[in-house]
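Look for subunit A in each of the two complexes below; its partner is subunit B in the first and subunit C in the second.
After this line comes the complex of A and B, so read on.
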């Protein structure tokens, strides 16, 4: 017991520096920003207290709802895009051969690239005149499908979600491979003896064994998509006419382009609340499943 | 016990490291205060970060100042233009302005002035009358926040709506260079029929269409006075029929497919390249295009390019043959800089925006608000044409220099909306609401 107590003390002391940094740079600013959300403030000069007016304005602003909708599009696209693709790739590339190691690195590659580079590359791919996307479609005889992918408000959110998914599959692949390696070989042997293989084995043995990992990746998808910012800022800046605005770019633009720090702070507080709600939903959904 | 001891060791090592760091810092500070008691620290922030001639010219004058003043520890920060406004407003929010910093003419500098973050530089201008007098008329207008008190000397001139055209393409398709709106429409139709983009536009950063096209176009329809009244929200509103008409002309360009497809998702530089490679017959852009083209294209490509003003609008209240523009940004002085540091900061401003610097900037193919004798052989032929054009035309206001930051954002996005098929009346109403909000605090 005394050793446990002493190591608890050590743990506390060892955690202290990290905790302090976290407190100063994350927790306190969050509350500060929530506080500024009740003010009308230009970033410099006088700030005037206006109560909940920023929030009222936000709920009335169609751009806020559009940004929220775009974020939800990203959440859905990453859950139905990244997770299954990463899972399939993990199962296919599970063996440690040279080939699968090469493909694994290739899939992980965009994760290592700076997001600005990813954004610029895809900006050129989607270029309305010289882009490869339109070029390939023309070669396939699909001229009628060519369009200005990032300008056309009907398709641009979809066009943006593709590079975001592409760039983020890597880490999920690694997580899934690690989970698959944790399944002990005896289970595979037992499955073979019982005559289970292929789809049947995947559905009844592999998936249930790594289900908790799948749930974690979904949580990561949700939080990652709500934070999405950099790819969009590089590719469209939230435009044209705010059609690809996300909550984070909306917050950024209202704070730093229009100089409404108070309103921007209110939006960032709202992002926290939305994330908390989604994660709570996820929490209750998975708890029901496990009980 | 073992892991416990290990953690203890790690902690010990960490605390030693921390102590070492702390020690380093404090000794540095001590050295500063004993040896360099006369050293004055000055910081300057500017956005001349690029590799273009103008940025290099400006930076060389900053370096010269540092060389001439060994008693100054000069901390010069070149911040790329894209992030410059944000960086400056971030330090403004924290009231940690550098001593000398580049400010844009218009809403940014006036907002900083209102927040009492600037102090006038009138004394250095008065100390060099031969310098002050050579500035072109109106050069100090955007920086004279109080009668007789000038807060910055412009380092450049923004001419934002020059009509660049490819003479070879006009001759090949037998099109007249448009001087009236009808001729413009004919030109657009002819080029479209021949598979050439009439006007190249890169409006991904949405200020482009507003700054280069709308300002000049609308001024021809409404006249300058109406715009200034509307911006001040005195006796004119953006929902007035003349502004709706002006936006209508822009919509007419969109509806006649004057711009290439996807203009809203490529940036201005890409549009310049598209134009210079002969894919488009015209481009409406600012003087910055001269600088960019000088840096990135050959004299061969540029020899076909000519410059003129936007065509006249039938029955418009504004003058034709004008270009939207005005004094560019300049260096400003922080209100917190005092004493010896202030003296040297003013000296720094004079070095970087004085007569020699103005001449060098003009000779780097970029417009100045200053009567400089330029060496013709040092500039590109296209710049020389534009320089003569701008000297012979009137200057009308650029929209976002007079609108509040929020209203500018609204009209920028509004033009993108019109390009996507949005309604002119809605955009006008949104602009009016935004400007009214900021004009009546």
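After this line comes the complex of A and C, so read on.
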């Protein structure tokens, strides 16, 4: 029988490696970045304490606000793109037939690709000279719609959001299918007896039953959109003229291309704050719905 | 189940309408699936085209199947080295993630000790921290301790960021393993390590598989950490090499396509073999995450 002492030893040796690694590489950096955010520092030599100057500069910088706006564009486009597409697909595909399995696998496929590959492929699709996006529009007789999709500031955020939506419908589809399959057959039978079918059934029975799942997918959309860094770095690098900058790329560009570690840390801290705010808004919004 | 539901229908006229409608829906779905797969089809066909073929014949199959792009990409772009780096980093990180997370989950789900709740809360907050907000401080920290530009600069953060989700998945799984098994083993005189190694770990294999799939895809495909923490050519992973490849050989599009095909093949093969597990695993991971 293990003695109490021996269990204590086991607890320590089994838990500490995970805990330490997690503290050092995930938790402590958050505090470091809050701390460095109050300094002006080029990465070498002395760091000078400058109080809130980094934050003041950030709020005065129009690029920061554009980056924030671009982040929100991606959040909105994922919510109105991925969630409805996945929901509609799930409603028609929720049976486990061979056909619906094939479609599910196809829709899920881009999830296993590296974001770099997704960005590069779509960068080529949008290419002004040989990209198939313009090619297809020309074939449809819509020459006036053709453009340099990633350089035109009017449309480039939209153009960036399409591959992100393309790649991310899969998991939501699988989540919705699981939720739909969880609805017990008795409810479908009861609906049939009530004469409820088609659109009515969808609106009055199916949707309310899976509403909590819809909320979960919206939360996932928000956190997923904050991860769009890779796509933007690969497709545009934040340009042209910083028109596609996101908070994360803005942080990256203002830290590693101009060596302003203090300022970059302040932006990092801002990313934390923005994501905390988004999570809080969502938390309160969904709580009101369920009560 | 399926037989019953498809067999129901009142009038035969209604049935033909429904059949027509469902045929139309199927056609739309097929269209959507093709739209999703098209960029991949384009990638693989272009990888086997000459540059001239790529420009003049963007949609069709290659006029002449050339494997030259793949070989040139492998040599010129150091894709072989990148593949090796990705493999080493991914395998070590996955192994480390499994070992640390299953052990930690076992302790957290079976033992009572002070600050246990605080530890669980700490790991939960880890799920909410956006990884990009840690890039700058991690860069500075690793520069100070000389970890930058080593395999460790990727392995340690990958594992650390994967721990929360891996721990929660294993804890949920372990709650379904009856404690009597361990009590019996204890009476037999096994110590905790023996119980863990001989009983718990083997019983946890299904969830270990899920964690491995999730971690493999995340580590293999990671771009952000590699971009910031790796500078030496010899240590670059596949996604990082690819992104530089497209800059370096900007106009040699078919060559870049070849390089991408090399990078994509391992995950696509894994997906074709394990798709059900991958779908379930990624969904479990994203919901908890």
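Methods note: the second predicted complex is superposed on the first by the 270 of 291 C-alpha atoms of A that agree within 3 Å, B and C clash if a C-alpha of one lies under 4 Å from a C-alpha of the other, contacts with A are read in each partner's own complex, and residues count from 1 in each chain.
We adopt the following convention: a residue touches a chain if its C-beta (ideal position, glycine included) is under 8 Å from a C-beta of that chain, and two chains touch if they have at least 3 such contacts.
Only a predicted model underlies this, so the values are computations on that prediction, with no experimental measurement involved.
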Where does A:77 make contact in the superposed view: on subunit B (first), on subunit C (second), on both, or on neither?
neither
For A:243, decide between first (touching subunit B), second (touching subunit C), both and neither.
first
Now for A:206: first (subunit B), second (subunit C), both, or neither, which partner does it touch?
neither
Is A:54 contacted by the first partner subunit B, the second partner subunit C, both or neither?
neither
Examine A:225 and indicate which partner it touches, taking first as subunit B and second as subunit C; both and neither are also allowed.
neither
Partner chain(s) touched by A:126 [first = subunit B, second = subunit C, both, neither]:
first
Tell me which touches more residues of subunit A here: subunit C or subunit B.
C
Given the touch rule stated above, what does A:148 touch, subunit B (first), subunit C (second), both, or neither?
first
Looking at the overlay, does A:165 come into contact with subunit B only (first), subunit C only (second), both, or neither?
neither
Contact-wise, after the overlay, does A:45 reach subunit B, subunit C, both or neither (first, second, both, neither)?
first
Share the list of subunit A residues that count as touching for subunit B in one structure and for subunit C in the other.
6-7, 10, 14, 17, 43, 123, 256, 261
Contact footprint of subunit A on subunit C as seen in their complex:
2, 5, 25-26, 29-30, 32-34, 36-37, 39-40, 42-43, 54-55, 58-59, 100-101, 103-104, 106-108, 111, 113, 119, 122-123, 125-126, 128-141, 143, 156-157, 159-161, 163-164, 167, 186-187, 189, 191-193, 196, 217, 220-221, 223-224, 227-228, 238-240, 242-243, 246, 253, 256, 260, 263-264, 267-268, 270-271, 275, 278-280, 282-283, 286-287, 289
Interfacial residue positions of subunit A with respect to subunit B in the complex:
3, 6-7, 10, 13-14, 17, 42-45, 123, 126-129, 147-153, 156, 235-237, 239-243, 253, 256-261
How about subunit B: which of its residues touch subunit A in the complex?
1, 3-4, 7-8, 10-11, 14, 85-86, 89-90, 92-93, 95, 111-112, 114-115, 117, 203-206, 260-266, 270, 274, 279, 405-406, 409, 413-414, 416-417, 419-420, 422
Give every residue of subunit A touching subunit C within the complex, in rising order.
1-2, 6-8, 10-11, 14-15, 17-19, 21-30, 32-33, 36, 43, 89, 92-93, 95-97, 99, 102-117, 119-125, 130, 132, 135, 166, 169-171, 174-175, 178, 216, 220, 223, 226-227, 229-230, 233-234, 247-248, 251-252, 255-256, 261, 264-265, 268-269, 271-272, 275-276, 279
